[in-house]
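Each chain carries a letter (A, B and C) given by its place in the written order, and its residues are counted from 1.
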């Protein structure tokens, strides 16, 4: 940091110094800003910005403001905030970000314990995502789950009345459906979530793992991984379209609502949009849990959480706001505005009325029990972020689907993971 | 004058290639247009011919204008683009002129240094840049981007104009100086008018880049009221994995077609540059 | 700044020492003109520039202090197969789009340079792909390149030429080709309009003279047009190359480097490593890896342009 300051004083110094003086007078919190990625559910964003924040402003006199960051831009924004130590005091985090930004986040263990006592306990699988070195660095808000979204009418046409329980059964159904002109569409390209959303669970359910708990032993090169890869190739070749190899997150929504595919892995956004614009598709759409493999059933965790930035000039005041936000009186209403898109990690909300409005959302709650963070059982630190950013797992599967040999794609992934985890 | 062979020649040299260029360049805009007036149900329907709109609707335009801050974003974008363009072209001209036409100590260093600004890795530039912006207390103000865009555009304008300034014969300037004009007068009265097309190119480029820029705007303009069109539209019209296609396309058209029409008035000046050149010759 | 006519015709050495005289000296005048721009760039670019270079020499993770590691980041890159794939992709992308944009842009300028009705409007509308924000135009391309909705596929399938449409973004080769097409579409108008401006500075007398001498159209182009627009042509190409090397949004939105890294280029890969993985040092190293190539290009052009 010192060096960067020096550069600044040397170069932009003349311009900057005048402004610098005035800024260093730390003020009592006259204002607090929260930054979040713009939510898929507009009503959820609006409830926060137009109802909750004004309420708190009225209550305390602190000027509350809200920043919405575009989809995919949150991590960039968070990086800028942490690096320049300025900007919003409360920030949204996802995946394993609390681990990446550890040094820039306030310890909120006290708040987490308090909330856990009142509304919890917390589901313990979320701890991987937010607890860093035994300290809570963010408060989980809700999971954006990934499930199988499928056409009940087309599945019924090929004699499948209930969503298949195993990957093999799903493959059999897919074969029949593709012949009828209703292929599957599972993302195998470089999107943000719909690829990892099914590929990690697939790997796990066949017993494959990227890396061990110790974060040093790379486990990808195994017969279990090979089975998952072989299955994936078959699954792709016999049920899907070539285009899925280049898909990003938007494509499966588009293809499903365009009636191009009969099944995909996604959050509930497809059903929500179908209900709004395509009621006849919504009627024949349902959600299924990820199928089981030989070694069980898994789902992915993407815990949307809120963290307090350590540059916040008045941390107690910032904490007070977050405590207020996570009080049942506020939390309950805000969750309800989210249309069950966010599944809370607190046992106290397992029977919340938000789940009653639409039984088809219930599997998202159900799936929490078998959800794991990316890279599980490995540690959730920087190496995981690197593996995810480099699409090591996705590309391993994608190359196999393209036709590369199983042992080659696994060898490539293994050497990449060894470099990333600095393993021998 | 117009006989059959003439027409065939014109067809080959002008109309045919012109038609090809127009179709290739404008087809995506046709797509934007039909997407912006198609109801969602029709957009997603693969069974009907995609190039025809069966039940046109203005809903997307109405939603864009009434449910988002589109007009504010447009105003912000224009303001930023105009200021940025003026700053960049004026400073760029001032740099390009001596670099292109004079010999002085340090010229080569400056010329290389200006171009070297592009060697800075853009995707990582914004961290130190936002440090500067924060220290100047300019976060969430349009001034932030008005100061940062010229860092991209001054070097560009300078280099582009160097090319045009070079093409003006030195004798013209020398003749003017013998007639008693100062260096500044020779520049503003002789060389610059001859380079009007170049100045316009630099201006058009700066303006366009300023109104399209995404990364700095995303980072520095975090509140809806201060956003520019691309960032505002992307932030509020792409939610999760759901795109508001019609509104996005309406925003694309409303943000670009008026600019093209304004440009069509400016392109007249290309001809003005031409006449000025031939008279002096 | 108005300067009188005094002693302008005299050589520098014999000039009396007055303020006006000093201002008229090439060096003084030049530096006065240069200084505002130079100071502005120094204030805003110098710090980020050195910061970027410095970062690439560190093992620097986001939100944590860095450790100086010398050239270790670059060494790691040299041993990374993906780095070489990304390098290859980048050069293919830049070379293909530059050739297409240059050829197409020159053609466009030659067409636009002729007289016809509605010329101004046509010129301005051909600029549209360049005017419309890339962030938004790529959204339209998502549909145009969709195998089901693509007009190309729609025509091929409905006329019975092929049974199944092509996957423009799912097939590795087609995906790169598609991105090249989109980039060319967006960038060609810039070449077109800039070269048109270059063409317009050519006096019609020159063409007439050449015609009288019996030159053919090709000869006129080669011996009259080309030499005059060459400086502009070269500068436009240089900038386009630099910008294309840094092209980010289009690829990031359409394929994000997929399928299986087939379309990852320096800028998108650097962004993923620097931002998504939080490895700021390594990300800077990736972005700076093209520095030698670009620096050579820039130095060569500077020398060319300053040569008389």
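Throughout what follows, a residue touches a chain if its C-beta (ideal position, glycine included) is under 8 Å from a C-beta of that chain, and two chains touch if they have at least 3 such contacts.
Nothing here was measured: the structure is a model prediction, and the numbers come from that model.
Student: Starting from the Cα centroid of subunit B, hunt down the chain whose centroid lies farthest away.
Tutor: A
Student: When all chain pairs are ranked by how many C-beta pairs they have in contact, which pair ranks first?
Tutor: Chains B-C share more contact pairs than any other pair.
Student: For subunit A and subunit B, what's the span in angstrom between their mean Cα positions?
Tutor: Subunit A and subunit B have C-alpha centres separated by 37 Å.
Student: Taking each chain's centre as its mean C-alpha position, how far apart are subunit B and subunit C in Å?
Tutor: 13
Student: What positions in subunit B touch 2 or more of the other chains?
Tutor: Touching at least two other chains: 46, 127-128, 131-132, 231, 234, 243.
Student: What residues in subunit A touch two or more of the other chains?
Tutor: Within subunit A, residues 4, 7-8, 12, 15, 76, 79, 83, 250, 254, 258, 260 contact more than one other chain.
Student: Could you list the positions in subunit C whose residues touch two or more of the other chains?
Tutor: 44, 47, 51, 142, 148-149, 275 - these are the residues of subunit C that touch more than one other chain.
Student: Contact residues on subunit B for subunit C in the complex?
Tutor: Listed in rising order, the residues are 13-14, 17-18, 21-22, 24-29, 31-32, 35, 46, 49-51, 91-92, 94-95, 97-100, 102-108, 110-125, 127-129, 131-132, 147-148, 150-151, 154-156, 158-160, 162-164, 166-167, 177-178, 180-185, 194-195, 197-198, 200-201, 204-205, 208, 211-212, 214-215, 229-231, 233-234, 243, 245, 248-249, 251-253, 255-257, 259-261, 263-265, 267-268, 270-271, 273-274, 277-278, 281.
Student: Okay, in this complex, where on subunit A does subunit C touch?
Tutor: 1, 3-4, 7-8, 10-12, 14-15, 75-76, 79, 82-83, 100-104, 188-191, 241-248, 250-251, 254-255, 258, 260, 382, 385-386, 388-391, 395, 398-399, 402, 412, 416, 419
Student: In their complex, what parts of subunit B are in touch with subunit A?
Tutor: Touch list, subunit B to subunit A: 40-41, 44-46, 126-128, 130-132, 134-137, 139, 218-219, 222-224, 231, 234-236, 238-243.
Student: In the complex formed with subunit B, which residues of subunit A make contact?
Tutor: Contacts found on subunit A: 4, 7-8, 12, 15-16, 19-20, 22-23, 35, 38-42, 65, 67-71, 73, 76-77, 79-80, 83-84, 86-88, 193-194, 249-250, 252-254, 257-260, 266-267, 269, 273, 277-278.
Student: Under the touch definition given earlier, write down the residues of subunit C that touch subunit B in their complex.
Tutor: Touching subunit B: residues 1-5, 8-9, 20, 23-24, 26-27, 29-31, 33-34, 36-38, 40-41, 44-45, 47-49, 51-52, 55, 104, 107-108, 111, 114, 116, 120-137, 139-144, 148-149, 151, 154, 185, 188-190, 193-194, 196-198, 200-201, 203-205, 228, 231-232, 234-236, 238-239, 242, 246, 248-249, 267, 270-271, 274-275, 280, 283-284, 287-288, 291, 294-295, 298-299, 301-302, 305-306 of subunit C.
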